[in-house]
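Chains: A, B, C, D, E, F, G and H, in written order; residue numbering restarts at 1 for each.
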Amino acid sequence: MKKPIVGILMGSESDLPVMKAAADILKDMGVEYEMDICSAHRLPDITAKYAGSARQRGIEIIIAGAGMAAHLAGVVASHTTLPVIGVPLKSGALNGLDALYSTVQMPPGIPVATVAIDGAKNAAYLACSILSIKYPDIADRLALFREKTRQSLIAKSDELKQGSK
Amino acid sequence: MKKPIVGILMGSESDLPVMKAAADILKDMGVEYEMDICSAHRLPDITAKYAGSARQRGIEIIIAGAGMAAHLAGVVASHTTLPVIGVPLKSGALNGLDALYSTVQMPPGIPVATVAIDGAKNAAYLACSILSIKYPDIADRLALFREKTRQSLIAKSDELKQGSK
Amino acid sequence: MKKPIVGILMGSESDLPVMKAAADILKDMGVEYEMDICSAHRLPDITAKYAGSARQRGIEIIIAGAGMAAHLAGVVASHTTLPVIGVPLKSGALNGLDALYSTVQMPPGIPVATVAIDGAKNAAYLACSILSIKYPDIADRLALFREKTRQSLIAKSDELKQGSK
Amino acid sequence: MKKPIVGILMGSESDLPVMKAAADILKDMGVEYEMDICSAHRLPDITAKYAGSARQRGIEIIIAGAGMAAHLAGVVASHTTLPVIGVPLKSGALNGLDALYSTVQMPPGIPVATVAIDGAKNAAYLACSILSIKYPDIADRLALFREKTRQSLIAKSDELKQGSK
Amino acid sequence: MKKPIVGILMGSESDLPVMKAAADILKDMGVEYEMDICSAHRLPDITAKYAGSARQRGIEIIIAGAGMAAHLAGVVASHTTLPVIGVPLKSGALNGLDALYSTVQMPPGIPVATVAIDGAKNAAYLACSILSIKYPDIADRLALFREKTRQSLIAKSDELKQGSK
Amino acid sequence: MKKPIVGILMGSESDLPVMKAAADILKDMGVEYEMDICSAHRLPDITAKYAGSARQRGIEIIIAGAGMAAHLAGVVASHTTLPVIGVPLKSGALNGLDALYSTVQMPPGIPVATVAIDGAKNAAYLACSILSIKYPDIADRLALFREKTRQSLIAKSDELKQGSK
Amino acid sequence: MKKPIVGILMGSESDLPVMKAAADILKDMGVEYEMDICSAHRLPDITAKYAGSARQRGIEIIIAGAGMAAHLAGVVASHTTLPVIGVPLKSGALNGLDALYSTVQMPPGIPVATVAIDGAKNAAYLACSILSIKYPDIADRLALFREKTRQSLIAKSDELKQGSK
Amino acid sequence: MKKPIVGILMGSESDLPVMKAAADILKDMGVEYEMDICSAHRLPDITAKYAGSARQRGIEIIIAGAGMAAHLAGVVASHTTLPVIGVPLKSGALNGLDALYSTVQMPPGIPVATVAIDGAKNAAYLACSILSIKYPDIADRLALFREKTRQSLIAKSDELKQGSK
């Protein structure tokens, strides 16, 4: 499992601060990934080639983050039958609502699995959920992560209850 | 592969006409599925049990369709680490915008793979994409489906060009 | 009346600065309360247990604040027939509009009494109004509070009229 | 319990078809109610008098339904400390979004317990939840209603599972 | 014309910084005004009395600014047949969209002349336009103001053209 | 008072069914009016001339109804200092929301008194309110209209109360 | 000028009823055009080829109509430096708002000239405006069209004035 | 080509920081332009004259930027058959959504080529695309610009891939 199985794409380098959160989580979960800039509009042929060849290169999921009229995830999905996760990014005057609609409202036949605006973390967790149907160890790590979140919240609940005493 | 691997849930029987489209596509793609009514609000314990036991029952993906304050997909996702696909349904005064926001804007840690409002078809295609990373024959069938869509559109394009002559 | 009769729940500790306003008002009004973190998605079983046992523990109203796809109030309401007040919290790219729709657009049978986005204060006042039908002294204190608000506004009105002279 | 304890108000007789659903549920739940037309704008003094005298007349909850710039619930709440439930009605070009905002976004001090657009049914169920903290038999009837809903959904779930066999 | 003919009302003293702009313009235009705090929800009786007696006190126009579920202008209009100008104020999570809908979407019979969100200046100019049908000198001053605006813009246009040379 | 004092403009003849309601009310209120088609975009010079000469022709108020990017009221207001009432019309895909924003969000200096989407009736009542500061008989007729509305609602309230007995 | 200089593309044959209006106007204006189906998602390579070769084939403007997450115009624009006119189509639950945002909110460098939702007619008139800078006869025909529109509106204005006499 | 062929208009000098980006790009692309302030509302006659005489003065495209109820582009388009590019500006409480609707939702016959909110850069690139159908050297420069953008993104992609190693 040394070769990347998740590709994280973003439309511009300014998207890196948000999209890096997905990479960090995949690293924590032990999932190999690669990251790239791949603009639907400014690098359409490279984007098409990336998506079109992803499956035979061993990629199993593509995460695509883009803002405004966010076409990246949809364009990637049009060139592959791999699962594509779209992250609408908050940028510009409409605060990501344009990106959300441009990502989620895909016409029948070419789906994009959309997460929340700036939801790069959930894109990574969703990728893990998808991989978990094939790799049992990722299922285990997800279960562990859920349990840790749970314990951490219970600790915070206890703190709050102490504090309000 | 006789046992269902996709669970299609809906919040009420009135959602069936839309959600049935997902079932039809899965059948066409040769994917075993089961369908059920599972309200986040009116059957919370059954929903929790369904989601919590899905993985060990062999389910690999859960598709959940709900309208208005559509909590079903999120609640299902909170009880399983399987990939959960949310279908926001168009109903009520807000035409599904409430269901879209209630489904896609999940907080970090519990992702829902959201498709378009009333996008039951794409929920099924997305399920196939996800399954395709594990089952090569589903990858093949998806590729075939894409090619058929392509040929059908090319034929319509030809018709249109003839007609406008 | 030493035991808490109002439970204030929030989805994460980051919601405390807003939700504390509800606690402060209840304290001022002499209403016993308890505060807890209770995530619909990350602690679903604890949330279910909390809501399901609230009535027999003497709780009479539950206030639940959550942001984004705010399912907390709805999930709590699905496990109790007590009145549940939902506070949609302003967080994320949509400024609480997602939380508002996720909280108020509940399907028939499982109501959530929704207040304004970040409306923790009104959640507390609404709780007092509800309690006032059972506890006459709370009705008196509410009337007093209204009268004080009134006098304070009249004083400000006088100031403004002086100042503009 | 012969005297009405719930007042159902609406801004115009054209709101009756929607608001009647609240009355029907209250009747089913054995809760005495009265219904009236009480426009915030066209009968402001009568509305003020109704709200201002409601508590001493024995009313315990007021449900107010109005459309467009729906001021009725807020105006009623400004004249009473009783719990006021607002039902934003779907009418006009904005489909009730204007009524939702006009009802739910109340400033601090004067809360309105808002339900979904056209959510007259939930207004009634919420009224029952509120009354249930004082009248144990209403708590019992609510629990019964929940159980019946549950059984009815389970029956529909069984039907669906049979049908899809 | 020593007695005020325009009343400027606002729902709280926090609205003064925006609403003062209306007063400043009226002063510039030589229109006598009075300013007051008059909450639809917290001072309903005083608001009703103010509006109901305004015409006989010599007031000819009422400007009312309020935020969130902005009922002030509508409530004032329900108690007078004078022209009422509503200024939706930008406050809270919805940035004044709630106030805009609550002010402009008045039902037939009780109109509110609505200006832009935070449009206190235009409320004053609109008041002058209305007064101009009765007081020819205000018509003259408005024409003068328009001409000055025009000359100022032409000067800025010249500057811009010089600068870009 | 034989010459028209209110001008009712609309952007196209398709707006007549909605805008006619304004004319009907003015007729009932004994206010002389004229009606015309005056497109901001397709008849800009005629629109400019109409607005620019309206005051000297004896017009005292202009009501302008338009849909979509509704510029008519704003363009009229830019050519006159008379009060201009804008009626955003519901047409096209955005149901009049575009027309509302295009009409109400006027920049400082050129106000438009905006009423609800399709609010032609309130445009007429607002015109009467404005005229009432100059013509006492219109003030009387408005008061009469309010009283009749009031009596009619009280009658309907009585009917409703009888019916629900 | 026998070869088409305008290409009208649409994402599916169901868009033809709306997009045909653009063709009809171009025919009236004597502009040669071609029409084709060219889905950004289902025929990405054909779309890329069409756009990439359009200029050398003599096409001077491309009009692209698509609904929902309408990527067609943006994808076409990414493959050509010709002017691309986007027509957001009203379809699905969001009534074309998604298509509007997906079409107009293009990131810097790849512009799409966007017209109104379902604005196929204006797409054609805009194409004529663009062509008019190169082909003087099209400028003449546009001027003529404007004059005819003007006369027709004046005639309707006269009718309206007669009718209201 | 010494005389300006593109006119850049803005509604107020406060729009200059955004609109200057269009000028900078035109300068880079070797396109002569002029810049001016031209308010639809405060300088309607000058705006009309500017637009009406633009074609004979040699102007080939007009770019118009305005905020709020942004009528500038539409008013300019009503006085010329030249292509008019509208830039909705982000200002006021609605963040430019009002300006977007006021600019793009033009009625049939008077089109405005609308770009993104604050999309002054794309307005310039769109102007170049339009000019490119007449001036081959602009087509060349646009192609060069696209290639440079492409190389720059590829370089950034390489950097990102190095960095993530």
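Just so we're on the same page, contacts are C-beta pairs under 8 Å (C-beta built on N, C-alpha and C of every residue); 3 or more make two chains touch, one makes a residue touch a chain.
In this text, all values refer to a predicted model and were calculated from it rather than measured experimentally.
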Neighbouring chains shared between subunit F and subunit H, ordered by label:
E, G
Other chains in touch with both subunit B and subunit D:
C
If contact pairs are compared by residue number, which of B-C, E-F or B-D agrees with F-H in over half of them?
B-C
Inter-chain centre distance, subunit D versus subunit E - centres from mean C-alpha coordinates, in Å:
35
If you average the Cα atoms of subunit E and of subunit G to get two centres, how far apart are those centres in Å?
42
Residue list for subunit E, restricted to those that touch at least two other chains
12, 42, 68-69, 92, 94-95, 97, 104-107, 109-110, 116-117, 146, 149
All chain pairs satisfying the touch rule are A-B, A-C, A-G, A-H, B-C, B-D, B-G, C-D, C-E, D-E, D-F, E-F, E-H, F-G, F-H, G-H
Parts of subunit G lying in touch with subunit H, wherever the complex brings them together:
55, 60-61, 81-85, 100, 104-117, 119, 121-123, 125-126, 128-134, 139, 142-143, 145-146, 149
Touching residues of subunit B toward subunit G in the complex: what are they?
90, 95-97, 116-118, 146, 149-150, 153-154, 156-157, 159-161, 164
Inside the complex, what are the residues of subunit H that reach subunit E?
12-13, 16, 23, 34-39, 42-43, 46, 68-69, 92-95
In the complex, subunit E touches subunit D at residues 11-12, 40-42, 44-45, 48, 67-69, 71, 74-75, 77-79, 92, 94, 97-98, 101-107, 109-110
